[in-house]
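You will see two complexes here that share subunit A, one where it goes with subunit B and one where it goes with subunit C.
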Partner chain A sequence: MDKMVGGESMEAVKGSGISFRYEWDGSAPFVLDGLSIAIEKGQFVAILGPNGCGKSTLAKHLNALLPLQSGSLTVAGLDVREEKQVWELRRLCGMVFQNPENQFVSSVVEEDVAFGLENYDTPPNEIPGRVSRALEQVGMTGFEKRSPHLLSGGQKQRIALAGVLAMEPELIVFDEATAMLDPVGREEILECMKILAQRGKTVIMITHYVEEAVEADRVILMNRGTILADGKPQEVLTSRELLEQCGLSVPMPVQLYDDLAKLGIRLGHCPLTKEELVEELCQLN
Partner chain B sequence: MNDILKGRYIPGDSFLHRRNGTAKLLAFFMILAAVLTTDSVPGYLLIAAVSAAAAAMSEMRPTKTLGQVRHLRLFFLMLFLMNAFFYEDGQAGGLVLWSWGIVHLSVPGMIQGTHVVLRILFLMVFCNVLIRTTPPVQITTAIETLIAPLRLIRVPTAEVAMILSVALQFIPVFAQEADLIKKAQTARGAKFESERLRDRAASVVPLLVPIFLSAFRRADDLATAMEARGYGHRQTNGRGRSQRAAVQLPDVCLFLFSCLFFLVQAAR
Partner chain C sequence: MSIELKQVSCSYNFRTKQEILALNGISMKIEDGEFVGIMGHTGSGKSTLVQLIAGLIRPNSGQVFLDGKDINERGYDRNNLHRQVGIVFQNPEYQLFETTVAKDVAFGLKHSGLRKEEACERVRQALEQMGFSYDDIADASPFALSGGEKRRVAIAGVLAARPKTLIFDEPIAGLDPEGRRQFLELVRKLNREGVSILMVSHHADSICACAERVLVLEQGSLVLDGSPKAVFADLERTSRLHIGASQPRQIAELLIQSGIPFSRDIVRYEDLLDELKNRWKGGTRCE
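Up next, the complex of A and B:
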């Protein structure tokens, strides 16, 4: 199976014509409406959209937590429709959810991180090594014996991420993984995403925070079950029209860039982050 | 909330921490039997000595082994009084100090009450030592090992152990949540601290509904997260193998000692 994964294509996710509705009686609206998507291996992609636009539903299709009703979808080289491959698919496509507390199955960190490994019958002598490597990757070495419930939000989410990393997945989906965290926790998780992307993992961040999407290499903007825009953050997140169509607002630096333009003050180029904004402002004189 | 956390596993490297979970659980059952058969002063002294030894072996201060006992003082008092006033031997020959209708304050009743209180007190001590020195996963693995023969009659033992483990670790989460909901409702005028029993009972109902709703939501989330991490892939028997200590000579000694303790107490 691994050979098949490694050999075929450069695409981590390839789907077309994906439609989905929660009640399949024809009356419920389409949550995903003929959506097509392709994500290359090693990309750091943000799927951005307002609540209810179908982004989490799409995420749950990636590791077959929801059945594909129509269209086709291949993730890590595996067809999500193939029931026999479903468990291998879930190993290769890890997922971190919104509420870290609802992801823990054990009250000791190392046992929780080992949960997935045990489900896949990993030899017991390999487990401690993989658990400590996973904890090291998220900067939580030394917390092995602690109780996840007594950690901070960001630390909890990093433990949940370690549980996913221990299974050595090819792509990792963060399904609004920062939504319940304080600013420090959000920063910690974003940092983890960036590090994973640098190490060559495919990272898919599902979010409704425009400021977070800025960090990705590519932004897919979703609205009402379809893809509205797809491109570099600089292209998508500077478009007030597109974002407002989805009920989102442009990032603060873009807002300021526009306001300054109205006053006749032109910056070199439209900044996306506060750092870029400061740099542009410093170059004004 | 913190009180609930106090009764949980505390990581450590004491003699009891290092013991095999199954051996500890079996020893606990034997000690439990020994405590329940005790009814004499030397017997209780011996139990006190054994509980002190257990505290020493788990590197806990003896007072810590009592855990949340002080919160249950009213329960112990009620237990004692119920026995003192309603013990049947009071009517049959024992010294009755005071009588009114069906209520008899008798010396045998008071003795029985003391027995019951002491036994439960010691059981709590040993239970605390077990819980504080054994990670939940080891307890569930031990239970799984002990009920393994039931697999022959198709009882899903691994699932039963998993359910126990998840239930155990969600207790503090719900305690925290209950606390939060309680505060939110107090802020809106609910009377949890009222002197009147009726008010207090009535205030529990609006607390139960959100907690139940949240429990279902959390259960759903957890099930999804577990499935995403491969739970249900195949039957995983013997979870926690990587951390499970192999059975060693001290484990066997611990179990044999608990058997001996039971025999001594039973023979008394």
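Up next, the complex of A and C:
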């Protein structure tokens, strides 16, 4: 596995027996507790869980921001423990964090997007092309000379994403990347995730919003450092028992389906989205 | 306490070439005990507005009155103002700095003139209000807590001063549903006990569930001021203002678009369920 170059393995992420605790004192609890995970290339996966369940800790293992304490983990075909490969690993596994403002390094959009490329000794003649392609992918062409901190939240986050895309990663991890955004910004970022997934990138969305997890192909539900459930949104997100067990609630359409059933109004299928709900309600006529 | 703004304008980089007008001639009044939601696009002036009310920045023109007194007049007791108006910033967890949770929560009380026992009691109560067991958490390092826990500790630090008006700037971003539910329950309870609440949020569902009144800002101007039902009546307008709409309101709109006669007055889950129940009793549609 160590020798395998990114691009040959079928799995974007493969880890087993991952345990981790923050060593701030001797009795720190396990934040990840023997967790195993496999994500195929090209999948759009939501990792869903409450605050403190370990989902961000897991995310930070994917590109070796946190060192692996036990178990094994391979991302984009690279062993995260191989220190020599850590730069390549971080190029192949891009990350977008919660607060876009914390990640800007330049006061000009195009310079900010180029920052990673420059650090990776990309030939200077390639940089402008890659920056403009990255901006195009996030719909921010025309903003090259603007100042990132004068943009809206969604635009800022898309610039941060462009900086990641310029590196041509194989997988992109969004660590609660929509949490600080207004509804429009949130839509913009979700749309970017969907487009990237359609283009064959592996997209991992870390979130505690069930409404966002609905958009993924697969939902991994985490609680207390382990995986509680793993399946299609339709399976995981309709289970009140599972979600409530870890302090989350079902999406509102599922809640309505249940509450209407109690009132004797039965819908044909349990809807996950507002659109499906309305379709089901129209069937009642 | 009542809050009144008269023709308040506020700029950053005032009288320089980079001057940005953040608030443009705002006038409004908030009565004692109200629960007001404040919404608007990024950069519309929400944070500037609440910081003016908390006396953290001064307007370039216009006046801010608390209980009828201009807070920017010479001689106004600003120490008293900061005790009476508590503000919880975005990401309050970044403000934690003490070695233990109890010390951090007590910090704001240091120069309040309270006796030590009284101060300790307030810290205990504030932590308990935020859902902690005092004995479990008091001696822990605030930096060893999870993000959601840190935020609750930071809010406890503001509650300990027992303010009459509480301002929250984007308090729920980043909280999970359980954290959100607990937080909203707390602010509702504080409001019932007589504390005025001003809550800046992008989260229309939470605003609709709690606030009696919603202020919407756009480019430094107050463009809407009314009940959640009134503010979210026109979804084209709310989308243009970047404030979205609560999920129940969106579902109602989709039903209307599908040709089902349905009320536009629905912003809360309970109202949606009621309306659906009335329309489809026993699985058939009732006209």
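As a convention for this text, the second predicted complex is superposed on the first by the 276 of 285 C-alpha atoms of A that agree within 3 Å, B and C clash if a C-alpha of one lies under 4 Å from a C-alpha of the other, contacts with A are read in each partner's own complex, and residues count from 1 in each chain.
In this section, contacts are C-beta pairs under 8 Å (C-beta built on N, C-alpha and C of every residue); 3 or more make two chains touch, one makes a residue touch a chain.
What you see is a predicted model, and the numbers here were worked out from it, not measured in a lab.
Asker: Given the superposition on subunit A, are subunit B and subunit C in a clash or a fit?
Answerer: Clash.
Asker: Contact-wise, after the overlay, does A:Gly15 reach subunit B, subunit C, both or neither (first, second, both, neither)?
Answerer: A:Gly15 sits against neither subunit B nor subunit C.
Asker: Under the stated touch criterion, which partner chain does A:Gly77 make contact with: subunit B (first), subunit C (second), both, or neither?
Answerer: neither
Asker: When the two structures are overlaid on chain A, which partner does A:Leu284 contact: first (subunit B), second (subunit C), both, or neither?
Answerer: Second partner only.
Asker: Applying the touch criterion given at the start, work out whether A:Lys274 contacts subunit B, subunit C, both or neither, answering first, second, both or neither.
Answerer: Only subunit C; A:Lys274 stays clear of subunit B.
Asker: I'd like to know which partner A:Ile127 touches here: subunit B for first, subunit C for second, both or neither.
Answerer: first
Asker: Identify which of the listed stretches of subunit C (61-69, 79-87 or 151-159) has C-alpha atoms clashing with subunit B after the superposition.
Answerer: After superposing on chain A, the clashing stretch of subunit C is 79-87.
Asker: In the superposed arrangement, what residues of subunit A touch both subunit B and subunit C?
Answerer: The overlap between the subunit B and subunit C interfaces on subunit A comprises residues 99.
Asker: Can you list the subunit C residues touching subunit A in their complex?
Answerer: Touch residues, subunit C against subunit A: 41-43, 90-91, 141, 143-144, 146-149, 170, 173-179, 202, 204, 239, 242-244, 247-248, 250-251, 254-255, 258, 260, 269, 272-273, 276-277, 280-285.
Asker: Which positions of subunit A touch subunit C when the two form their complex?
Answerer: So the residues of subunit A in touch with subunit C come to 22, 24-25, 28, 49-52, 98-99, 152-153, 176, 179-185, 208, 210-211, 247-249, 252-253, 255-256, 259-260, 263-266, 274-275, 277-278, 281-282, 284-285.
Asker: Where on subunit B is subunit A touching in the complex?
Answerer: It is residues 5, 8-9, 11, 135-137, 162, 165-166, 168-169, 172-173, 176, 218, 221-222, 224-234, 236, 239-243 of subunit B that touch subunit A.
Asker: Using the touch rule from the top, collect the residues of subunit A that touch subunit B in their complex.
Answerer: For this pair, the touching residues of subunit A are 60, 63, 65, 87, 90-91, 94-95, 97, 99, 101-108, 110-111, 114-121, 124-125, 127-128, 131, 145-147, 149-150, 160, 163-164, 167.
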